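A, B, C and D are the chain letters, set down in written order, and residue numbers restart from 1 in every chain.
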Amino acid sequence: MSVSREELAPNAFGSRLLALTRPGPAAWQNTVATAVGVVVALLLSSALIAATGGSPAASVQALFQGSVADGTAWTTTLLYTAPLLLVAVGACVSARSGVFNIGQEGQVLVGALFAAWVGLRLAVTGPLLLVAMLLTAALAAGAWAGLSSLMYRFRGVNIVVSTLLMTFVAQQLVAFAVNTPWLLQESRVGDAVVSPQSNPLPVSGRLGSFGEYPDLQVNGGLLLALVGAVVVAVVVARTRWGFRLTMLGLNPLAAKHAGVRVNALGGAALAISGAFAGLAGAVLLASPVGVNRLQPGIAMNIGWDGLLVALVARNRPLLAVPVALLFGVLRSGGGFLAATGVPPFLVDVVKALLVLAFVAPPVVTAVIRRRRAGARTARAERRPAPVAEEVAL
Amino acid sequence: MSAADDISTILSSGIRLTVPLAFAACGEYLAERAGAMNISVEAMMLGAAFGSIATASATGSATTGLLVGVLIGLLIGFVHGNLSHRLEINTFVVGLVLNALVLGLTSYLITVSTFDSHQVAQVSVPWLRDIPLIGHPLFVERWPVYLLLVIIPLTWWLVERSRWGLELRAVGEQPQAADVTGIRVNLRRRQALLWCGALAGLGGAYLAVGEVGSFNQNMTAGRGYIVIAAVIFGAWRLGRTLLGCALFGLADAMRLALPALGLTLNSQLLVVAPYLLALLAMLLFATRHREPRALGQPFERGST
Amino acid sequence: GCASNDATAPQATAPADAGAKTDGGTVPAGQPDVNGDGKVVIGVLSPGDINDKGYYQSFVDTAEAFATSKGWTIIKRGSVNTSEALNAARALCQQKVDMVALGASELRDAIPASEEPVCGNTAWYVPSSDNIQQTPKIVLSTDEADQSMLAAGYAAGLLMKDKGETKAGFVTGPEVDFTTTAAKAFKAGIRLVVPEATLTTTYSGDLNDSAKAKEATQAQISQGVKVIYPYLGGATDASAELANANGVATLTPGTDRCASTKPTFDISVLFSPGDYFKAALEEFAAAKLQLGTEKVWKLGVDPFPTVKLCNGTPEQNKQLETFIADVGSGKIDPKAEVQRLGS
Amino acid sequence: MTEDERARELTPPSAPALRLRGIRKSYGPVVACDAVDLAVHRGEIHGLLGENGAGKSTLMKILLGLVQRDAGTIMHGDDPVEIGSPQEAVALGIGMVHQHFSLIEPLTVWENVILGDTGKIDKTAACDQVREVSRRYGLPIDPLARVDRLSAGERQRVELIKCLRRDPSVLVLDEPTSVLTQAESAELFTVLRHVVRSENRAVILISHKLAEITAATDRVTVLRRGRVVFHSGTADTGPQELARRMVGREVSLGAEAAALGMLPVDGPAPGEPGTPGDGTPPAAAPALRLRDLTVTVDGVRVLSDLSLDVAPGEILGLYGVEGNGQATLGDLLSGLVVPDSGAVEISGRPVDLNRPGALHAAGLGIVPEDRHSSGVVLDMSVAENLVMKSLDGVTRRGFVSRRKMYAEARRLVAEFNIVTPSMDTPVRSLSGGNQQRVVLARELSAGPAVLIAAQPTHGLDVGAIEDMYRRLRDAASGGVAVLLISTELEEVMALASRIAVISSGRITGVLSTGEATAERLGMLVGGVAA
């Protein structure tokens, strides 16, 4: 038996940390490839702006102005970051368990729907109302995602497909709720036109915040999301539950074999991911500065983007924090693009290209390495073999 | 107005709403049989719709537009294929990103440009169009509709009868086994995605230069997802998949025509119907036994 | 226990009478350069597609044309999600605009921003149907959809009567309050002329899905409808073209498109937010725009809203003019007429 | 063997049908083939012998164009050839029956047979060809049947037909007998002999079983760690020498014979747990009792009324040909499958099979058949893999204590001689033998009353196999009831005191090692009750 590394290093955790900082050749290549990818993504976006008569420099300036230039801009950025991070953290949990949930957009909506119902209809006052809203949103969206898990468990319905389809169901559900007076549609005042939206939440149903707008104001949702990210990171990395979750994700059969209740655990992971998305929905609804009404468009693609955040962060909850911030920056900065004459849709293009830039490199470097080996093989084929002495048979 | 005319109207309308779905569904069906689960079909349709109108507007020829639409579908299929079946990036991730990218890009471009409206010519088949009930719906259509008469049998033949299709099915079921038999698994999947791209592109382009004549932001409005629902609803059989498309198309036609006949239905329920039906189909008929076994799973030689 | 929905309704607006509203108001110093940075910037937000060649585009186009003529800068942003309205408005304020103009009342959720310090030195222009609460920071511009739609129906009725038709159609997007009330008033207008007329209303679900709008239009045409109102956004032209091809008369949703050749329209219904906005911009340029006021646009009193026949016979034109004047003079009460004939 | 055949074998035709020279292939640091020379002649069955991982399959994949070599030449007749794809190999007349995965189950026989061809599909012609080939070689099969409805033996026939239809001059079979009963193996060898003798083709038969090589081949080449270490006419050598060449050291054909795929020359030493009994279970109360287990999958009875008792301290061998329900039994005892009816009792107490982890909790340890898919988590560390079944022991208030985990892992690594660079090394980068030791260490560390070892030596080299045998014997002598599920006759003969034979999901007989002869077992395996 060889001497193991921990025997030399009394602090095993420290040595693991060290190992993280010591990049292997693959990590180094990945970093370079990612950097190249990001540059390419930005160049492509600039080319798009230039080709359509805009100014890339002005666009960058606008993005900067709108997202991080001052306290006000930061406030908006953080307002977007919070739900993005919540969705992403949830996505990390399900992805860790090997379940790919892509229905977050719908789960955000379901969360917002139920939070709105509780906020507007439950005769609770004070901070309890907010707690009830958040809890209900998480439970409802968790159950919604859990449905996909049940469909898989009992009928073998592919989870990716069912979570995707359920998104469209959720959209119509919300549309129905805000178009139906006995459900959540806003009250008619006099004979005024009513819109497909709910009444605004009472003040007690809104999230608190720190700091005074227009200076930097940190919304309560962000705190919730950060706590969520840390808790999930610790739970996944350190607890028995997290151990089982990781095992399930890496090898479900072995996990089952080791006594893990795979269906329950996988279902729980999916439900938790839905619950986080639902929380994001409630946070969007109860934003300390916001519309505070349930509207069909309330999810604002936060669900899809949050999923992308998790992908870019490679399913690591703590890494998702800066990535969610980056996506928040792009969103809030996008609001400033209009001034440059560049359509804000540019942000969607940049986002998609950036995701590719982050997701592709590890795969690409792996393939290049494989190709190199292949190329060597191809060259070797041209070379005559060393003639071994004739085998007498 | 007679009942026959009403039926004829709804039928016509249903056919027009079905055609773009049917084109794309033929493509998606073939791709899924090869194991390539491809949610970028929405991107293919939308990109093609944009490209076809932009081209038609620039060249004045709707037919050229249609062709360019097909090319754009092919391009997206090519990109998807190379990202997920050469570089082995998760196919769902690629699909999501492409959908977001194309939606963003077309919305961007339509904001900075304006296009004239163009439509391909209508064909009206003499005599046949006078058949009661189905004559008008079936025989007075924009000409690309009749491409379906070729594409549906061709798709069926390709999958069920051609050697290429046999290999596609092998690749969709047991890629490892197909590999040792000498079939290039990822190449076949990329080819399947090209076919899917071309047809989804045709569907999207038809929607733009056949059906509507113009492009507006997000004009496919989720039709790509309906196509995926149709393939699932059809349990990976071509006939049933097309039946699904027709069902969804007709349901829409009914929804749009019924008010004119004096009836109304809950619109949310109707919008959501395709997705609910696909989910129900999966729940009721245990489709897991019909699903290509390697659907959505990447192939890498040497892994089991 | 559960609260009723209405218990949570905002305790708003016992609608004050219009006179009181227009009286007050403040004229911010330095108009049009409200924030005093030496340049005039108008920020426009629109909930719809600002290239729809119709309602939403007209607003932006008007603003742009006016601003250009004055040498002002304009920032325009379309397709703003209602849930994003507030942040979008703030972004404008941060960019030091002198005026924030909302393209439609759907974006009313942006109004709270006008109270925030970031938007301290900005004028606000808000189109409204009458459920938006007046605040000292905003100019409201109100028209009653009932009036223009009733007149539109009246005009359509005139065409139908002369041709002996009784069937009219109304194609619109989602089935929501503003579309259903519009349909109701349109129907009432038609029935003022052709009492036995019927109106078919089809909700395609989406103001911009051209394919579905066309199918809805086609279904109505097949049912023998001879006048169709494509009350749509981006899908308007597709629907109107189809109607043209079938010899069915059409109306415009908001703008004057009598000159348009593809598609052609028979009736222009003018309630374009751009036209109202232009008036406000003129006041703004002349430093006379009073914040905290509401301008109510009345059919028959103001130049807009109004309805005109593109190829009307003198007889028809005269009847329409009379009707509009009667509404303006109060001889006809649109609300009551809609109540009476609209259902 | 007739005089005529013997004569032909001794004077092979001058030009080999195929010759490999200096073939080299490495996978990263692992050199799978190193300067391999090999010549095969028409009219002979050429045995390719080597331990697991010696590079046999790799060499043949190179020949088939599935893997590109790093260096070397392939001579077809007198011409050097490049083989870039299986199609090119087919064009050169090389056909292969693969060790794993090569039939597409949802397709029909004829579709599978023509898969990999080029040109238009002609169903009628394909079916006719299948019938023709199957008649010619005596391999009856329905060309229209779907492959997933066929038994293992029938599938092997399809593979053969698929190859033979293309009229190959060289036919390669990679470990073809592992899924076959003795009768089916005999049938296969008859066909091969026919192919070689009357049709003058060349056959390469790959195996790691000495007995098979000596019985069926004319000529033999031995590979060890990627190199050719020996070649000879089969008649000119013997098991002893082949074994020595294959393993690289002197081995006795007594104790180690089973690890080499030979029946032991002399039985296990008396007094050992594997002592032959009389076929009746020992008097002690059984530690493991399987009662009438029935499992139905897709309407097919995979296990029917299977009952077995295993006493503490005994090794019971469950012998049978692959695909007769052993895998399902293994899954059942892993908690992956719940039976339709029947019960499992451990130490006299029934186990609720619906509860995950119940078997483990009741004192059952298992070395699963496919360690990669269910034994270990390849991407988790050695330490994590070692504790994953006994997490409670290293957990405090829900948190996994790394200190305790490493302590436990270090203890097991030392006790089971697991060679690993560190506790944090992913199990993926351990060798097969060490991965298997990780599994065994984990299972035995829980102090089980019952140990199930399913194909425990698959893919291990002789040294690792011997180690495994020793540890199973030790476990038994320590009072554990061991159920050894194996397809290797030699293995069960060497280890078990009683042998139960499984065929088509039922036990066809239980014999003591003393009464078990290859013939009697062969009949039981074929489903004939003895």
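Please note the rule applied: a contact is a pair of C-beta atoms (placed from the backbone, for glycine too) under 8 Å apart; a residue touches a chain by one contact, two chains touch by 3 or more.
Computed from a prediction, not measured in an experiment: that's the story for all the values here.
In terms of C-beta pairs in contact, the better-connected of the chain pairs A-C and B-D is A-C.
Per-chain CA centroids place chain A at a distance of 39 Å from chain C. Centre-to-centre, using mean CA coordinates, chain B is 46 Å away from chain D. For this pair, chain C with chain D, the centres built from the Cα atoms lie 78 Å apart.
Chain A and chain D, compared by their mean Cα positions, are separated by 45 Å.
Across the assembly, chain D contributes residues 373 that each touch 2 or more other chains.
Residue positions of chain B with contacts to 2 or more other chains are 107, 111, 271. Touching two or more other chains at once are residues 174-175 of chain C. A list of each chain pair in contact follows: A-B, A-C, A-D, B-C, B-D. Of all residues in chain B, those touching chain D in their complex are 161-163, 166-167, 169-170, 173-174, 176-183, 293, 304.
Interface residues of chain D facing chain B in the complex, by the touch rule stated above, are 64-66, 85-87, 89-90, 98, 100-107, 111, 114-121, 372-373.
Those residues of chain C that touch chain B in the complex are listed here as 49-52, 78-79, 169, 174-175, 200-206, 208-212, 214-216, 218-220, 222-225, 234-235, 237-238, 241, 262. Chain contact summary for the complex, chain B toward chain A: residues 37, 39, 83, 86-90, 92-93, 96-98, 100-101, 103-105, 107-109, 111-113, 222, 225, 228-229, 232, 266, 268-269, 271-272, 275-276, 278-279, 282-283, 286-288, 291, 295-296.
Within the complex formed with chain A, the chain C residues making contact are 1-6, 8-10, 12-13, 15, 43, 75-77, 81-88, 90-91, 94-95, 105-106, 109, 112, 116-118, 129-131, 145, 174-178, 181, 335.
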